[in-house]
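Report on one structure; see the data block that follows.
Letters A, B, C, D, E and F mark the chains as written, and numbering starts fresh at 1 in each.
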Amino acid sequence: MIETLLPGLFLRYNYYMAVIIMLIGLYAMIAKGNLIKKIIGLNIFQTAIFLFYISSSDIIGGTAPILTSDPASVYVNPLPHVLILTAIVVAVSTTAVGLALVIRIYEAYGTIEEDELIAMEAKE
Amino acid sequence: MIWEFNFALFLFLVICAIAAISVRNLLSAVVILGVYSLIMAVLWAEMQAVDVSFTEAAVGAGITTILFVAALSRTTRRSKD
Amino acid sequence: MKIWALVSVLLIGVLLLWAEGDIPAFGDPMAPSYNYVADRYISDAHNDTATKNMVTAILADYRGYDTLGELTVIFTAGVAVLLLLRRGGRL
Amino acid sequence: MIIDHFPVLVVVLPLVGAFVTLLAGWADRRLCFPIAMATTFIQFCISLQILSRVMQTGPLHYNLGNWLPPWGIEYVIDQLNGFVLVVILFLCVLTCLYSYRSIHSEIDEKKIPAFYTVFLLLVTGVCGIAVTGDLFNLYVFLEISSLAAYALVALGREKRSLVSSFTYLVMGSVSACFILLGIGHLYIATGTLNMADLARLLPPLYGSTVIQSAFIFFIIGLSIKTALFPLHLWLPDAYRYSPSAVTVLLASVVSKIGVYALIRILFSVFTPAFIIIEIPVMEVFCWLAAVAIIGGSVLAIAQTDLKRMLAYSSVSQMGYILLGIGIADNLAVTGGILQILNHAVMKGCLFMIAGAFIYTSGIRSIDDLRGIARTMPLTAAAFVIAAASMIGIPPTAGFMSKWFIALGALESGQWIFVLVILASSLLTAIYFWKVIEYMYFRDPGTRCAEVVSTARDPPAGMLVPILILAAACVLFGIFVSIPLEVIEPFVTGILGGI
Amino acid sequence: MDQISFVPVLAICIPAVAAVLILIFRNHPMIRESWTILASFATLACVLSMLPLVFSGAEPYAALFQILPGLSISFRADAFALIFALTSSSLWVLNSFYSIGYMQAHHGKNLTRYFFCFSVAISAALGVAFSADLLTMFIFYEILTLSTYPLVVHAESEEARMAGRKYLAYLLTAGIFFLFSVLLTYFLTGGTAFAPGGILTGQGSALLMMILFITFLIGFAKAAWIPLHSWLPSAMVAPTPVSALLHAVAVVKAGVFGIARVVFYIFGIDMVSALGLGLLLASIASFTIIVASMMALTQDNLKKRLAYSTISQLSYILLGVALLTPSGIIAALIHIPFHAFMKITLFFSAGAIIVMTGIENISEMKGIGRKMPITMLMFAIGAIGICGLPPVCGIITKWYLALGAIEAGQLIFLVVILSSSILNVLYFFPIISTAFFEKPDVDTGVHEAPLFMLIPLTITGICSVLLFLFPDWPFLTLVTIAEAIITGSVLP
Amino acid sequence: MKQDVVIRTVCRLVVPFIQLFALYVIIHGASSAGGGFQGGVIFASSFILIGIAFGITDARKRISEKFTVLFSATGLSIYAGIGILCIIFGGNFLGYSFLPLPLPGPEIRGLAAEAVEIGIGITVMAVMTSIFYDIAVDEEAA
C-alpha cells in the first residue's frame, strides 16, 4: 500500500531512514553535554553512515558476495562491504581513543559533564 | 529483501538510537547502543552483507560495548542529560 | 546551545534529504555503483585471486593497501590508548 | 629499480619506523629519537627525489598491488602532491629535531618511545594523504593522522590538554564522518573511488543533487579539519595546550594536509569546470575566507597568551590559502598554494619560538616576555623575521603569497579582497608588534626580572631548526621562483581549460 | 646609459655591515662607535665616488634578484638618487660624531641598539635613494620605518612608547597604502621599474589614476603632509640626534623623495598635469605650508616648533614637485639637501642646549645666546636660512620656487610662498631675540657643548652658508642633470 | 572483578572453543564470511572474557601487556613485510603474484591474502586486548 502511495519515498526509504539515524547521532554529538553521550552519538552517526553504504550495495534478489556453485546467482556489490569493514575498525579505534580521553578527564576533573568542565576551567 | 521486515528493523533502530542518547543512566545507554548495533548487524545480514554483519556483531556490539562498560566502571554512570 | 544544535542538525538533515532525491533506488541493479568497478570484482575475483569470498579478495588484495592503512589505524589507536592511560611499567 | 617504488616507500617507511621505534624503545629509550630522525630525513630525501622526477617526467603513477586503477588503489604524484610532500616532510624533519630537546622537558621519560611511535604514525598519515589518488584511501590515512594527532595533543602538561584533545576528537570525527558521507555519495553516483576516474565520470552528472551535496559534505568536512573561521573553535585550545613540538606539527603539517586535501578534491575531483561554472560556490568560499582572515586577526589581537595568539593567527593565515583557492584565478591559486609552503615555514618557526620560551623560562604570556630579547637575542631575532613574514613585509616569504593572491583578486576584479588582505596585514602587524615591543622595548620589571635574566637561547637542538626556518622565511621570499617553478605548471594545467 | 656597477649596492651594504659589526662588538663601546664613524666615512666616500660618473651622464645600475618578471630588487644611482644619497651620507658622518657626544653627555643607555638601528636606518635611506623600482623602494621604506621605531622609543618611557605606537600606526598604515599602490601599478603595467616620463601612461582610466595617485600620497605619509603629520611632532620625544635623523637625514626626506620619484618616474609629468593631479598636490602642499607654520607659532617647546617647521618646509618640496615646471623641479630637488643642512643645524643646536641646560622651552631660553654663543650663532644661521634670507642657502629654494610658480602661471602659490616666509620669520626670530637679547632669570654656570657636539653643528652651519655661496658643487649640478632627465630636455 | 563460580567454570570451558573458532574464522575468511578482523576480535574477546571472569591479573598471565604490544607490531610487520617482499621480487608494493612460489599466480595471491589475514588477526587481537587492559584497569587502584 505504501508502495503505491509514496513511490518516490518508498524507493529510497532505506536512505531516508539512515539519514534520520545520522541526524540523531549528530544531534547527540553537538547538543549533549556528557562526554560519553557524545561518543555514543558519534557511534550512532558512524553506524548510520555505514548503513547508508551497505544499503547502496544491496541488489534486488542478490546473494551474499561469496562465490556459489550456481552460475546464475546475482551477487550484491562487495565493494561497500569492504569499505565499511575498514570504517568499522576506524570507528572502534576512534571510540577507544575517545574513551581513554574521557577516563583521563574524569581522573583530572572528577566530572565528564561539559558545562561543569567549562565552569571549572573558568574558575582557574 | 522483505521491505516490511527491513522497515520494522529500521523503526527499532531509530527507537534504540533515540533511547541511547536520552537515557540518563549511561550503563543503560551503552547497553541500548549494543542492542542498536546488534539490530544493525541483523539488518546488514538481511541485506546480504554477511562479512560486515559479522564484524558489526563482533566489534560494534561486542568490543565497543565492553570498552564502554570498562570506561564507565572507571568514571561514572550518571549523566545530566 | 541546544537550539543551535537542533537548527544545524536540521539544516544538515534538509541537505541530506535533498541529496537522496537523485540517488538510485534501493536495490536497483542498474545503479552505476554496481555496474562499473564492482562488476569486475564480482566476475573476476575468483580467477584473479583464487578466493571465493569476494569481500576477502577485495579486502586483502585489490584494495589491500586500504587494509594496511586500516591496520595502521588500529595500531595507532592501540599506541594512543597506551600513551594516554598506561602508567608505570615499560611502555 | 628501487626509485620506482619511492611513492609507496615514502609512506611505508615511517610505518615501519613506527613499530621499529616502539620495539627499540623497549631495549633503550635513547634509540627512539635517532630512528625517528633517520626515518623522516630519508623520507625527506625521497620526497625531493620524487619531486625532481615529477618535474622531469610529469605525474608519477604507482599501482599498489599491481592492480590497474580503478580496481586497485593508485598513487598519483603530480606537482602539487610532490610540492606538498616536500613541504610537510621538511617541517617534519625539523620538528623531529626540535622535539629532541623540547619533548624531554614536557612529557614523561617513559612515554618517549610511544611519543615517537605516534609521531611517525602521524607522518605516515599525512604522507599517505599527500600521495594517494584514491578517495577512500585518503579517508583511511586521514584517520591515521587524526588519531595520532588526538593522542599527541593530549600529551600536554596541563590537564586542559585533555579537554582540548577531546574537543578536537569530536570535531575531527564529525569532519571525518562528513568526508565519508561525501565519498559515499560520489561512489553511489559513479561507482568508482579513483580520483582521476571520478574527474572523468563526473561531468555528465554535475546536475545531480547527489554530486552537489557530496561536494558540500566535502567542504563542510574539510572546513572543520582546516578550521575555517566559524568552525575553528577546536583549534586555539588544541594548539595552546599541546606540547611545543606537537603544536608545530599541527600548525605546519596537519593543517596543511587538510588544505591540500581540499585543493585536491576541489580541483582534481570536482574540476574547476564544476566549482566555478556549475555551482558558483567559490564566491561564498571567498567570503568565508575573508571573514576568517579578518576574524582570526581580530581575535588574535585580543589574546594574552603567545601560543593562543599564534593559533588565532593561524586561523587568519589559513584563510589566505582558502581565499587564494576561492578566487580561483591563476595567480590567486598560485598564491594560495605558495602560502601552504610559506605559512608552514613561518608558523612552524613562530611556534618553535613560543616553545623555546616555554622551554627556557616557562613563559607563556606575552606580558611576561618583557625584555627577553636581551637574554635570548637569537630567538627574538628569529621571531622578528618570522613576524615580518607573517605581516607580509618584503622580501620575506609571506609577502610573496599575499602578493600573488592580491594580484589574482585584482585580475578577477574582486577589489574588496585586496582590501581584506591589506587590512589584515595591518591587523597582523598590530598583534605581532605588540609582542616585539614587549620583547625589545620593555624593562622586565620586578615581576619577571628573575625569569627573564636567567633565560638563555635554547640549546642547539632547538635553536637550529628555528634559525633554519627563519632563514627560509627570507630565502623563499627572494628565491620565490623556485617554488613557483613547481606550482605554476600545476596551476596552468588545472585552470588552463577555464 | 646604464652602467652595471655594484657601487650603489656597496653604499647600502656598508652601513648594514657596520650594523652587524656594532652588534658583535656590543661589549666594547670604543670599538663599537669607531665602527659607526668608519662606516659613515666609507659610505660617504662610496657615494662620492659615483659623482664623476653621474656628472658624465652615466648611471650606475645593478639588479640583484629577479623575483618575478617585472619584479626585481635593483638599484640605480642616477642624479636624482644621488641628491638624496649624498645628503644623507654626508650628514651621517656629522651625526655620528654628534651622537657620540650627545650620548656621552646624556649618559644614554641601550647604545648598541641605538647605533645598530641608526646604521640600519641609514642603509635603508640609501636603499630608498638608490632603488630603481617601486618594490625595492617599498622594502627599504618599510625597513626605514621599522629601524627608526626603536630610536623613537629609545627612552622606553611611557610617553616614548605612545609616540612610538603613533609613529608605527601612521607609517605602517601608510605602508599598506604604498603596498596597494605598488600592487596596482604592477597589475596595470606588469612592472615596477622607474623610468623618466612615467610608466603608467595610457594604462588605465583617469579615475583609476587618481585613486592610485591618492593612495601613493597616503603611502608616503613620511612626507608629513597635513593631515598625516601628527606622528612627527610626537616623535620629538626621541633623542635629538634621532630627531635630526628623522627630520633632516632620512625619514621625512624619504617621504618627499618618494613622492617626487613617483610623480616623475611612475606617473610622468604629462599625465600628472593632464589629470590635474599637480594642482591637487600643490593645494595640499600649500595648505600644509601655511597651517604648519601657524601651528609652529603656537609651540613653546623648541623641538616641537622645529618639527612643525619641518612639516611646513617639506611641503615646499611637494609644492615644487607639484608645479611641474623646470624651475619648480629644481626648487624641489635642491631643497632636499638645503633643508637638510639647515634643519640639522637647528636640531644640533637645540640638542646642545638641551644637553647642557636641560631647557626645552623657548620661554626659558633667556640669555642663552651669551652662554653658548657658537651654538646660538649657528642656530641663527639655520633660522635665517629657513626664513629664506641671505647669506644662507634657503633663499635659493625660494627663488626657484617663486620662478616655478610664475612659470606655471599660478601666482596664488607665489602668495603662499611669500606669506609662509613671513610666518617663518615670525616663529624663528622670537627665539633668536630671546636667546640673545633677554636677560636670564637666574645665572647658571652653563657653557658651550663638548667638542663632539659643537664641531658637527658648526660644520653644518658653515655648510649652509657655503651652499649659498657655491651652490653648484655638487647639488645644483646634480639637480640640473636630474631636471633635464625628468623633463626630457638636453643635458646642459 | 572476581565473578561467580558458575561463570568462571563456564568461562574456563568456553574460552578454548572461542579461540578455536577465532582461528577458524581467520583461516576461512577466504571462502566464507569472516576474516582477520572478525577472527582477531573474537580471539581478543576470549582474553577479555578471562579478564572479566577471573580478573585482569589472570588474563595478563595468558598474554602480558608486553606481548600485546609485541604482537600488534608483529601483525603489522607481517603485512608490511609481505608488501616489501613483493617489491624485492620485482613487483609493486603488495603485488602478491610476484612472490616466488611454485604456484599459479591467482593461487599465490590467495595464499598471500591468507597470510595477510593472519597478520590482521594478530594485530587486531593484540590491540583489542591491549586497549581493554588499558581502559579496564585502574592501575592506581590495582
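Keep this in mind: a contact is a pair of C-beta atoms (placed from the backbone, for glycine too) under 8 Å apart; a residue touches a chain by one contact, two chains touch by 3 or more.
The structure presented is a predicted model; accordingly, all values stated were derived computationally and were not measured.
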Joint neighbours of chain F and chain D, given as chain labels: A, C
Chain occupying the most central position, where position means C-alpha average: D
Comparison of C-D and A-D (more C-beta pairs in contact): C-D
Whole-Å gap between the CA centroids of chain E and chain F: 80
Distance between chain centroids, defined by C-alpha means - chain A, chain E (Å): 71
Mean-CA-position distance for chain F and chain B (Å): 24
Where chain C touches two or more other chains, by residue: 16, 20-21, 23-24, 27, 31, 33-34, 37-38, 41, 46, 52-53, 55-56, 59, 61, 63-70, 72-77, 80-82, 84-85, 88, 90-91
Multi-chain contact sites of chain B, meaning residues that touch two or more partners: 1, 50-51, 55, 59, 63, 67, 70-71, 74
Contacts with two or more other chains, residues of chain D listed in rising order: 15, 19, 22, 26, 64-65, 136, 140, 143, 147, 150-151, 154, 181, 187-188
Of chain B, residues touching chain A in the complex: 1, 3, 6-7, 10, 13-14, 17-18, 20-21, 26, 29-30, 33, 36-37, 40, 43-44, 47-52, 55-56, 59-60, 63-64, 67-68, 70-72, 74-76, 79-81
Complex interface listing, chain C residues touching chain D: 15-16, 18-24, 31-38, 40-41, 61-66, 68-70, 72-73, 75-77, 79-80, 82-84, 88, 90-91
Of all residues in chain F, those that touch chain C in their complex: 29-33, 35-36, 65-66, 68-69, 72-73, 75-76, 79-80, 83, 93-94, 96, 106-107, 109-110, 112-113, 116-117, 119-120, 123-124, 126-127, 130-131, 134-135, 139-140
Chain A residues within the chain C interface of the complex: 8, 11-16, 19-20, 22-23, 26-27, 30-31, 55-60, 62, 65-67, 74-75, 77-83, 85-86, 89-90, 92-94, 96-97, 100-101, 103-104
Residues of chain F that touch chain B when the two form their complex: 33-35, 37-38, 41-42, 44-45, 48, 128, 131-132, 135-136, 138
